[in-house]
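Report on the following structure.
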Amino acid sequence: MTTQMIILNGGSSAGKSGIVRCLQSVLPEPWLAFGVDSFVDALPARMTAADEGIEIGADGEVNVGPEFRRLEEAWIEGIAVMARAGARIVIDEVFLGGAESQRRWLKHLDGLDVLWVGVRCDATVAAGREIARGDRAPGMAALQAGQVHEGVVYDLEVDTTRTESLECARRIAAHVR
Amino acid sequence: MTTQMIILNGGSSAGKSGIVRCLQSVLPEPWLAFGVDSFVDALPARMTAADEGIEIGADGEVNVGPEFRRLEEAWIEGIAVMARAGARIVIDEVFLGGAESQRRWLKHLDGLDVLWVGVRCDATVAAGREIARGDRAPGMAALQAGQVHEGVVYDLEVDTTRTESLECARRIAAHVR
Amino acid sequence: MTTQMIILNGGSSAGKSGIVRCLQSVLPEPWLAFGVDSFVDALPARMTAADEGIEIGADGEVNVGPEFRRLEEAWIEGIAVMARAGARIVIDEVFLGGAESQRRWLKHLDGLDVLWVGVRCDATVAAGREIARGDRAPGMAALQAGQVHEGVVYDLEVDTTRTESLECARRIAAHVR
Amino acid sequence: MTTQMIILNGGSSAGKSGIVRCLQSVLPEPWLAFGVDSFVDALPARMTAADEGIEIGADGEVNVGPEFRRLEEAWIEGIAVMARAGARIVIDEVFLGGAESQRRWLKHLDGLDVLWVGVRCDATVAAGREIARGDRAPGMAALQAGQVHEGVVYDLEVDTTRTESLECARRIAAHVR
């Protein structure tokens, strides 16, 4: 079988976006990249500050409401169809709910060959990179570093603490059929 | 029936993105916004400068290759499924091929209630706004102003030449069932 | 004498940045563009949420502290020196304090030939454009529309309510010696 | 004496911007950050593609013209005045001309207490990070990695190849008087 989808899961500032761009560079075929960031960009501005949308607390904690979940489910279903229609897809996700978040994806992936990748990063290092980026709510990286992996099952894991994005991408690419 | 999708088509710098954000603000339900820009962002970087991808000439002319078209078709199919799954979707498109581009969408929209909107802008005014934005290839706005509407059939048209984005959005919203 | 500096003052979403880019395009010599946005970008991230820095309220009200003012004064002094050293400079400002803000600039502009430009925009139209941009605190445009012009003296004023950025830029350029 | 200015020099994708943001976070006083990127942003759009401006070749080579140099000199003079006026300044630079570029700064820094910092990064690692960023001309990182340090004299050097931005910032901060 041929890998049709790569799903990366990791906390904020773990380095997922960099790995995605490197994957798009090292993989010979074109892969489309989507993820929680592009989904949130698609939401109405008011939902990033409302009860039904997504809310980011002063400590970096992220909470999402039921309307967010409903739209996200339709989005996941559509992404899965893009993959079935022949577009190779790489997803950059933050499983705030751990195993429960993975199940939300699995519901829609029947028959697809998916490569599940955990992107780990030491919480202290991720918190430092959050400062270096300067565009994320402080505290988010440390809060999410462990939480997002709870109960999630992977085909492989990479750790960006001491490994460059490009090297992580090469290890992942080696598992793409 | 209930409008499930709004597709805006217009040339570069005609003001589509502003109208989309205003629509997301004035419409009471949450609408997800996607479009040619978010699709191009999803492509590998190398495809924005390659024969199979998208190429922007020195005069602002945009050319896309067969691999771009193949991925775009899968993307359209997935977007249509998101709408069928209950997510209201507004699309911001540039129909470089006019009627032919509209047909590419129509192939996948069976059974969906779609509102087609033409976003017009006088070529000279759009060219001026292109300078004011400063982030687009000079010449693109003027080249596309007429071209993208050739043979395209709309439910309504708005003209941003002398009408603000918010007012255009209100006129469109009045047609949403 | 030759105009060495152009200072545009206007409320948020009045269209100053677009006019600046058009000015840089229509003026035959190269002009460097700076302004309150580039100054705020230069501040430490923590100052955009602190008592001594800049704070943007839920209603779009902007407050700045004493440390912000101290750094801003040094910045203004440096900008004036750039102009004296022969770089033509265009400034994009928001005079939250009206006449008092203009005095802060005037203190450092001795001997420089400055063109003062008021950029007006109807508060309702500016508020609509704020929604269309989608990247500003809602309410800021309406709050600032009149406030920033109180007691400020101009060489000329432009109004973007019904005039395009490029046309405003041409009118300003006609006053550049 | 008290350090009034920190000048970081390093090639593209060596990690200077991240170190600057970390410095602004770890240093107790507010430091203003400027650099070659903010200077280029201030230029007219047409100068980023013209003989007198800055030109980036297909291989990532950067060339700048005489008008760029003239404006840059005025800009440097103004930045030095900001530091003399009491604003602490951190500069993020790419010395394309090595020692010659450093001299351009030194001409204007008389009497200022400046901390010179070299930011090194292994060329291969920087090239990988360039891919991960996805927003720079491919090849620039490798070309500049050694070139920008030729003949430049530093107070200290940091190497981001295996050291995080935050740790580099802490080492630099320890040298700030």
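When the chains are written out, they are named A, B, C and D in that same order, and each has its own residue count from 1.
In the analysis below, a residue touches a chain if its C-beta (ideal position, glycine included) is under 8 Å from a C-beta of that chain, and two chains touch if they have at least 3 such contacts.
Keep in mind the model is a prediction, meaning the values are calculated, not measured.
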> Among A-B, C-D or B-C, whose interface repeats A-D's (more than half the contact pairs identical)?
Replying inline: B-C
> If you take the mean of the Cα atoms for each chain, which one ends up farthest from subunit C?
Replying inline: A
> From the C-alpha centre of subunit A to that of subunit B, how far is it in Å?
Replying inline: 27
> Could you state the distance in Å from the CA-based centre of subunit B to that of subunit C?
Replying inline: 32
> Roughly how many whole angstrom separate the Cα centroids of subunit A and subunit C?
Replying inline: 39
> Which subunit D residues sit where two or more other chains touch them?
Replying inline: 21, 25, 45, 134
> Touching subunit B in the complex: which residues of subunit C?
Replying inline: 15, 17-19, 21-22, 25, 125, 128-129, 131-134, 162, 164-167
> In the complex formed with subunit B, which residues of subunit A make contact?
Replying inline: 21, 24-25, 30-34, 38, 41-47, 52-53, 67, 70-71, 73-75, 77-83, 85-87
